[in-house]
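Below are two complexes that have subunit A in common, paired first with subunit B and then with subunit C.
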Partner chain A sequence: MECYLGIDLGSVSTNFALIDRYGKVIKKIYLRTAGRPIETIKNGLKMLREDLDSDIEIKGVGTTGSGRKLASVIVGADVVKNEITAHAVASLSQIPEVQTILEIGGQDSKIIILRDGVVVDFAMNTVCAAGTGSFLDRQAQRLGIPIELFGEIALKSKNPTRIAGRCAVFAESDMIHKQQLGYKVEDILKGLCQALVRNYLANVAKGKEIKPPVVFQGGVAANSGIKKAFEEELGMEVLVPEHYDVMGALGAAILAKKAISQNRQKKTNFYGFEAAFKEHRAETFECGGCPNLCEVVQIYQGDKLMARWGDRCGRWSQDVAV
Partner chain B sequence: MRIGIPRALFYYLYYPFWKTFFEALGHQVILSNPTNKKILKDGLELAVDDACLPVKVFHGHVVDLKDKVDALYIPRIISIEPKEFICPKFLGLPDMIKSSIPDLPPIIDSDLSIYKNKRGFYEHAKSIGTKLGHTEKLTARAFRTALKKLNSYKKSQIIEERLPLDSGQKSFFEDYQSKNQNYGESALKVLLLGHPYNIYDNYISMNIIGKLQRYGVKVITPEIIPTQNLSAGSRYLNKKLFWTLGKNLIGSAYYYMDGGQPIDGIIHLASFGCGPDSIVGELLERKIARSRPVPFIRINIDEHSGEEGFNTRLEAFLDLIEGGSRR
Partner chain C sequence: MKVTFPHMGNLYIPLKSFFESLGVEVVVPPLSSKRTLELGCKYSPEFACLPFKVTLGNFIEALEMGADTIVMAGGIGPCRFGYYAEVQREILKDLGYRFEMVVLEPPQGHVWDLIKKFKHITSNRSFKEIYVAGKLAWKKLLMADRLDKLANRLRAVEMEKGKTDSVYKRALNLITEARTEQELGAARQQIVKEISSIKKASEKNLLKVGLVGEIYTLLEPFVNFNIEKQLGELGVVVDRSISISQWVRENLLPSFMKSKEPELLAKLAEPYIPCFVGGHGRESVAQIVSYANQGVDGVIHLLPLTCMPEIVAKSVLPKVSKIHSIPVMTLVLDEHSAETGLRTRLEAFVDLIRERKEEKELGVLSWN
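Let's look at the complex of A and B:
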């Protein structure tokens, strides 16, 4: 069977989506990157291989996410695409009429505005990561609640308390204070959901016209408390697609399929699942060629230099064809 | 005498004049190195915290130059167009430098204001001439030569659509090779709005122009738009914008949007801590959001900017405008 693989290497999670030639998701994997991107990709490849029938043939591979370049070097990608486009493509494949995409991932959040099936505007959070997945993770941990139950508990709240959501640091101290005053955990969690939604709408979505259908995706979409808070604040239904957690990977897979189908002669760059068993390592050095002192990263497979990046002038990266 | 000119701020607008003028007076002009990590670091360390990114970068260039020259040229620029101002930080620039950076050579900080009339430009030159001990006759001659050079440079910049980009150590003024490749009819055209010292400084702008050009995009900036079109564009505003640079940005955007000029996208590159930009950006956003005839993105740059996030936004924006043209 012909398949296309999408990999979304993010700061917090690394996701895989495998689609068939009709774009249907056959298999998806959601892994924690846990600060070891190379290992995580290889683990994902191994898991994929174990689960799949032997007649699967990978015809194309797409990578996205903040680590898209690294992922591409390790697996051999046909398409390397930014996560905004990938998310939009995936969303359109699931809900073709979508006009607004709210995406909250591990460390970034985005809003994508579409009209008539075309992206017309987007925004990403800048320096502030308040209200993204890793912050929620940390707060759940601090309260001793499994992150999976976060939303469910928040939904029980009848009197949500108001949390200052401007900044993750202040939100945390505000939560601690509210705990000390004796507020219930569910009220604090619900208050946190509302604060994050307010913060998102005031910063990331500032000045954007949010029209239905609104799709909510990314890892945080698993949190029913945040979904509900969005619905209350926006006054409209918020849809969470089936594959909300791997939308970036799904988008990358769809883009790979598109790229390959546009050029049937082209063979995929995919190194095969064997890539998972090869040894990869990253090394860095500081280039002393000029006062910029760029940190150059080199990726090796065994002894073979696969890629270099990090230099501003191209002195090092030019020598290596990725 | 060796006169040092920091490769920052108004260098990108007036270097042709400055270089010709000082050389006509018999001096040697020395430029600082193109912005690099060390220059930025020095600037961040020495400048006052409240300064904007380009002013901090300027500090770094002064450090880079100060031990290589006999005098530094840091004019006190007040106004470069009649009845208009530029940002007040330029007005205090020589004082900021003097108070923040130790062991400086003498500074030529003559006022430049043509708020009242264009003669202010000559007054500026005369004051420099006097400070350097030249006769008024020689100064006047040098002024005329330099002004001619500046005007012919600006003219050719617009006609040949040549962006003032340095290539390596070479200044945009010396490097006469036309950098604007031949773009086909189908090439995407992007209007890049931003202060000259942000968009043409390859380090600060993270080479935004080069990146766009590598994607085959034709980059248009206020500097290559004829002046009359800029002022025609800025007339659409209800009230005159009295900041020259801001007016140029708004004028360019309005000219392309209301003047029916075809353009595929507008990018506003603003630097963190820029007061005028915060208002200009808001005006642009409102104007564009009202009808959204053109895709628009604002990218903020600051000293902490990660290049990865910058590239992601830029790539996504290009995907967006390409998608739009296919429709």
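Let's look at the complex of A and C:
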């Protein structure tokens, strides 16, 4: 069977999506990157191979996410795409009429505005990570609540308390203050959901025209409390697609499929699942060529230099094309 | 006397030429780097904007190399820039450096003041000598600006990746080294020859992006992560709305020699920002409208964090973008060095305008 693989190497999670030639998702994997992107990719490849039928043939690979370049070096990608385009492509494949995409991931959040199936505007959070997945994770941990139950508990609240959502540090001290006054956990959680949504709409979505259908995706879309808070604040229904947690990977897979089908002659760059068993290592050094002191990263497979980046002037990256 | 000045793009080329022609020793600070930024941040007020910090770093590096006279521009109006030289002088004094600071205020018609200051720096050279030195510097500046414009087009179409930039670097050296107008003429011929040797791909259907915003972040490649080069790598022709020569024309020439163009341009911003808001806030908006009229595919708006004039401009951009139907993306620059984040936004923006353009062309086709 012909398949296409998408890999989204993000700061917090690394996702895999395998689609068939009709674009249907056959297999998806959601892993924590845990600061070890190379290992995580290899683990994902191993898990994929164990689960798959032997007649599967990978015809194309796409990578996205902040580590898209690194992922491409390890697996051999046909398409390397930024996560905004990848998310938009994936969303369109699930809900073709979509006009607004709200995406909240581990370290960043974005809004994408589409009209007639074309991206017309987008924005990403610029300076602060308040209101992204990592922050929610941390607060759930502090309250001793499994992150999976966060939304469910928040939905029980009848009197949400008001929490300042402008900054992660202020939000946390606000929460502690409320907790010491004796507010119920569910009211604090619901308050946090509302604060996060307020912050998102005031900062990331500032000045953007939000029209339905609104799609909510990214890891945080699993949180029903946030979804509800969005619906209340926007006054419209918010849709969470089935594969909300791997939309970036799905988009990358679709883009790989498109790239290969445009040029049937082209063979995929995919190194095969064997890539998971090869030894990769990253080495860094500080270039002393000028006062910029760029930190140059070199990726090796065995003894072979696969890629180099991090230099501003191109002195090191130029001779090794990625 | 050893004269130094802050970096802002290629500004050092004409300045160095000007002072050296007049027999003044010049210390060009090292090109802005991570070290410059670190030094600048360490001694600046935390809430000062990026241009303040980087130029302060330039001064410290130049003083370390033995400079004893700093030439800095002044300014008027709501932008804090007018105050920079004063604050920087105090900070550097507190650090124990011994130097003189000459602040060149925009003459506002009083050209004589400016010439008097130059006369002071150059220990009373004659008006004629200053004129000759100024003319050579001006020609170099025009040539460097022209080179920028060419490179911003060539990067998008070069067949051999990186070729434009290697030619560009050599060309800047040639311009810097010329000591007379005659030598500059020869340098020019050499540069033209090298540029025409760059092999180009098809120039049809190229995407074009305009750059607007705060002048320093637009002109200094170190703080904007070399955005012009990055867009070129993505196959986009770049048009930067501000150049140094243009700034000199508008601010240093006496009013009867000024062109009417900036005034006409400012009119385009009138429905959104009817008055002067400092810096280039009003001009940014006007340039976006002008780009939309020229059929440019998209505009990127740059500003340093906390830049008041550009924040005013930013607040009206959603409206401008909608009415004139042109995509605009604002990028805020600060000390952080997350180049990946910037690259992601640039790539996504280029995807957006490319798809928009294709859609438009399809639309035209189906109408016929």
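Simple rule for what comes next: the second predicted complex is superposed on the first by the 322 of 322 C-alpha atoms of A that agree within 3 Å, B and C clash if a C-alpha of one lies under 4 Å from a C-alpha of the other, contacts with A are read in each partner's own complex, and residues count from 1 in each chain.
Here is the rule we go by: a residue touches a chain if its C-beta (ideal position, glycine included) is under 8 Å from a C-beta of that chain, and two chains touch if they have at least 3 such contacts.
Values in this document were obtained by computation on a predicted structure and should not be read as measured data.
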Clash-or-fit label for the pair subunit B, subunit C on subunit A: clash
Partner chain in contact with A:314 - subunit B first, subunit C second, else both or neither: second
Which of subunit B and subunit C A:82 touches, first, second, both or neither: both
Subunit B versus subunit C as contact partner of A:230, first or second or both or neither: neither
Interface residues of subunit A shared between complexes with subunit B and subunit C: 66, 81-85, 108, 116, 118-122, 124, 126-127, 207, 290-293, 312
Touching residues on subunit A, where the partner in the complex is subunit C: 66, 81-85, 108, 116, 118-122, 124, 126-127, 207-208, 290-293, 312, 314, 318
Subunit B partner contacts - residues on subunit A that touch it in the complex: 66, 81-85, 108, 116, 118-122, 124, 126-127, 207, 209, 290-294, 312
Complex interface listing, subunit B residues touching subunit A: 33, 36-39, 203, 207, 285, 289, 292, 295-297, 300, 302, 304, 308-309, 311-313, 315-317, 319-320, 323-324, 327
Interfacial residue positions of subunit C with respect to subunit A in the complex: 30-31, 33-36, 162, 165, 226, 305, 317-318, 321, 327, 332, 334, 340-341, 343-345, 347-349, 351-352, 355-356, 359
